[in-house]
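We call the chains A, B, C and D, going by the order they appear; numbering starts again at 1 in every chain.
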Amino acid sequence: MTTVTWTSDEIMTVTAARSLRDRMSCFVGIGLPSTAANVARRTHAPGLWMIYESGTLGTVPGHLPLSIGDGILADTADTVVSVPEVFNYWLQAGRIDVGFLGAAQIDRYANINTTVIGDYADPEVRLPGAGGAPEIAASCREVTVIMRHSRRAFVDRVDFVTSVGHGSGPGDRERLGLRGAGPMRVITDLGVLEPDPLTRELVLTGVHPGVEPDAVREATGWDLAVAGDLAVTPEPTDAELSVVRSLTGGS
Amino acid sequence: MIVPLDEAVRELVHDGDTIALEGFTHLIPVAAGHEIIRQGLRDLTLVRMTPDIVYDQLIGAGCAGKLVFSWGGNPGVGSLHRFRDAVTSSWPVPLEIEEHSHAGMANRYVAGASGLPFAILRGYSGTDLVENNPNIRTVTCPFTGQELAAVPALNPDVTVVHAQRADRDGNVQLWGITGIQKEAVLAADRALVTVEEVVDTLDPVPGQVILPERVVDRVSVAPGGAAPSYAHGYYERDNEAYRAWDAVGRDREAFTAWLEELIAAPTTPEPAGRGL
Amino acid sequence: MIVPLDEAVRELVHDGDTIALEGFTHLIPVAAGHEIIRQGLRDLTLVRMTPDIVYDQLIGAGCAGKLVFSWGGNPGVGSLHRFRDAVTSSWPVPLEIEEHSHAGMANRYVAGASGLPFAILRGYSGTDLVENNPNIRTVTCPFTGQELAAVPALNPDVTVVHAQRADRDGNVQLWGITGIQKEAVLAADRALVTVEEVVDTLDPVPGQVILPERVVDRVSVAPGGAAPSYAHGYYERDNEAYRAWDAVGRDREAFTAWLEELIAAPTTPEPAGRGL
Amino acid sequence: MTTVTWTSDEIMTVTAARSLRDRMSCFVGIGLPSTAANVARRTHAPGLWMIYESGTLGTVPGHLPLSIGDGILADTADTVVSVPEVFNYWLQAGRIDVGFLGAAQIDRYANINTTVIGDYADPEVRLPGAGGAPEIAASCREVTVIMRHSRRAFVDRVDFVTSVGHGSGPGDRERLGLRGAGPMRVITDLGVLEPDPLTRELVLTGVHPGVEPDAVREATGWDLAVAGDLAVTPEPTDAELSVVRSLTGGS
């Protein structure tokens, strides 16, 4: 009998990868989202069609890119288009199934902040800013957010709405003219949060093996609701872990 | 047309200019940025979708009064500490910012290249960017009544890009990830292109963008001029240099030492591998 | 994905559809147009920037109820007589027209491909096109107050284009003058591409446009399918055939004889040289 | 001594070619304008930068194209761009020095008709339509029109304004927001017409050798004014004629 062990980052990555289906088109953010998408493509979703905002369409990189525009992305793409084209003809036109995003802060309605911690005019911490995220969150058919769990990151209300999740609740996306469904899952190193179909508030719907729901609630800055039928993430397989580690250099 | 880089910068860039040094991870005009630092230009409005470490350096050197951008970070590494320091502590000088999304910035350049005063997009709706940026407005579709975001055209005084090659007439060829460079050049009043090499003939390459010499004001030869970013077909991205910048940029003293070294160095291209 | 042309037309095109068979002089999908005539489709809204002789044929055959266009002629030869006859004498059926400039049509496709309801341009101002086309309106720039022309997005039910090659998955590659084909395909609900050949691998070609298989619904092999226009790298434009059409198109009887011959012929590609 | 003879089309073409200066950028219409631009490039203006609306920038065709998008235009271009790009990035942006256009009808204010003869709703003759002309006439720094002279073609008021020349007189282009100077010369098989600087009405400013001003007035559908200092076109040179004939197959 084999004892499989893994890190919390690894099970987060594997869980995010599993959320992708074969042949989906995925607009991939750099960092954790990129790792997860590349794991999916090397395991159960070989036909995953990855787009990076640098204009690389249908790329199949042989190793993980450090940036959104590494040469390996262009070398292996079906085609490389300009930045206006990737945003206008591909993202804005509604062709992308899922946006894979990271975030610095997220709130109970899955609104995302990557701009500032604190006041915009006099910030405590200045973050990189919007990048492609506001329109990825608006226009992809749905969005998956991948980020590590902490009270600093999971807040009642984000300091700055860089990208709209579910606004302040039901009907907000429609009112704002956002055509995609918005964040349908937030995958963390502790578990999985999904918006309640009625209230649109994020609810804990799954935990990773060995994680207690209370530990997740403790790491969340609002009074996190827990689903009645809380799922437990199936353990990563050897094959999944081996792909994650080959990509990240972990062991 | 083809002149040394220090001369090209002296001729085209002036204090107070709005200047875009564009490059989307690939082909970033680093050598030109360093020359701007060396020449001590001041009060520039720096424009770029993805300001990375060369913008961190320009900001830390006090060249910029304003930054117009959509994502300012050290790609894959983390934050830009000189940028943070300028925004949060006005060091070495205050830095005004105007902040967009990538889609908004890309369309601003498209409008600028197209001779239009503004661009429309589906974007920004519901974000806090809107209330913090008077350059994000709305228009109503005269056919459907839908409300869309509107952003003003971007027309820099000067755009600087780096490319793989130019011919002796100054026609420029770049390929690989070409980002927003064509639009940034066409939107600008003046354009400077640094190149890896000058060749007799620009043999066609798949995925190429050609900038005809009539839209280019100066070409300067700067082999390795995009390093530590990369030039597709010439050398690869120096990921270690990006990682190493974090420690330098994080500390005012370390940065100041770096800056003094840069200024003391002659105007020469960055070292980089060739023909990878 | 890869099916015979008659099957592809049967699956994708229906009476009453808005259909664009695009091609800017180069790569005109003539074989597909002839198959539409053979299948006797009716009441189509035909869209194209440059309707030429294959549109003259579709109109003369009574397939079209409306034409949306910017320049309808026999390039370098003269007028389209079937088009003229339909507009001035409603023969064989009345033809409604909606008329734009090239810049307007091109931007309508761009808006359609971009998921926007309309496009803005500097155009039409002062022309009589404005008062004869309710789809030409104005918007005011929210930054400068300037008034600009606005045109609605074009989103055909079906777009048909011809390309040099596809791979076995249905990824399409075209090069040379690529006109408005990418935008027309991306703007459409359904897309049919006829190709000169299917190959194992699409080796990159300078100036290529790639249409990923996920935006293409059907590929049909139709060697010579752009003749008498041309396919860059395969065969040249048959200028004589364009000149010869003038006499056929000019006369209802001559045209009817041509039409009967076309309908009687099996669904096969036009003859054309290869590998020029 | 050599006796040079030429046709009226040939001197029209040569005169139009001479109006181009070396290194100008020229947006070229098909037919007579294309012939003239190619003559210029092969004589005094080798650096003429020709754009055809099919997207071929800086093309140097080895023979005259029959259509606006013949393969020879792409084969010999500096670069080929998409149709939206040629209209938006090149024409609309105001980069083109001169538009070279033909016309079916032109009026005393150099307004151009290529749409219908007669009433738009029930036309006597249906013409091809606008093509690129409205925006070429609007956005090029200036426009040259090349067409054969006849009372049917040179009318007091065009049946349909496809492309605006000088509207109904001074100030109209500015009022309409047209940024180029508009038609600065009309070159025909009889002579040259230019807008009066004050009234913007077309005036006969030059005749080809052997053409009487009255013959031009006779072929014009309005009371054509004749400039006091009427020029006579210098005769075509052997070199010019030889280039024209090599391109058109004439002799």
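What we mean here is this: a contact is a pair of C-beta atoms (placed from the backbone, for glycine too) under 8 Å apart; a residue touches a chain by one contact, two chains touch by 3 or more.
Which chain is which protein? Per UniProt: A, D = 3-oxoadipate--succinyl-CoA transferase subunit B; B, C = 3-oxoadipate--succinyl-CoA transferase subunit A.
Because the structure is predicted, anything quoted here is derived from the model rather than measured.
Chemist: If each step moves to a chain the current one touches, what is the fewest number of steps from chain A to chain D?
Modeler: Each step joins two touching chains, and the minimum needed here is 2.
Chemist: Counting one step per pair of touching chains, how few steps separate chain B from chain C?
Modeler: 1
Chemist: Name whichever of A-B and A-C has more C-beta pairs touching across its two chains.
Modeler: A-B
Chemist: Could you please state the distance in Å, as a whole number, between where the Cα atoms of chain B are centred and where those of chain D are centred?
Modeler: 41
Chemist: Between chain C and chain D, what distance separates the C-alpha centroids? Give it in angstrom.
Modeler: Each chain reduced to its C-alpha mean, chain C and chain D end up 28 Å apart.
Chemist: If I count partner chains per residue in chain D, which residues reach a count of at least 2?
Modeler: 79, 88, 92, 139
Chemist: Residues of chain B touching 2+ other chains?
Modeler: 110, 115-116, 121-122, 146, 182-183, 207
Chemist: Under the stated touch criterion, can you name all the chain pairs that qualify?
Modeler: Touching chain pairs, listed by label, come out as A-B, A-C, B-C, B-D, C-D.
Chemist: Going by the contact rule set out above, which residues of chain C touch chain B in the complex?
Modeler: 115-118, 120-122, 135, 137-144, 146, 148, 150, 152, 204-208
Chemist: In the complex of these two chains, what residues of chain B are touching chain D?
Modeler: Going by the criterion above, the answer is residues 110, 113-116, 171, 182-183, 186, 210, 212, 214-215.
Chemist: Flag every residue of chain B that touches chain A in the complex, lowest number first.
Modeler: Chain B reaches chain A through residues 24-26, 49-50, 69-73, 75-77, 79-80, 83-84, 87-88, 99-103, 106-107, 109-110, 121-129, 132, 146-147, 176-180, 182-183, 207, 230, 232, 236-237, 239, 242.
Chemist: Would you pull the chain A residues touching chain C in the complex into a rising list?
Modeler: 25, 49, 57-58, 78-79, 88-89, 92-95, 139
Chemist: Spell out the part of chain D that touches chain C in their complex, as residue ranges.
Modeler: 30-31, 53-56, 65-71, 73-74, 79-80, 82-84, 87-88, 91-92, 115, 120, 122-135, 138-139, 160-164, 167, 172, 176-179
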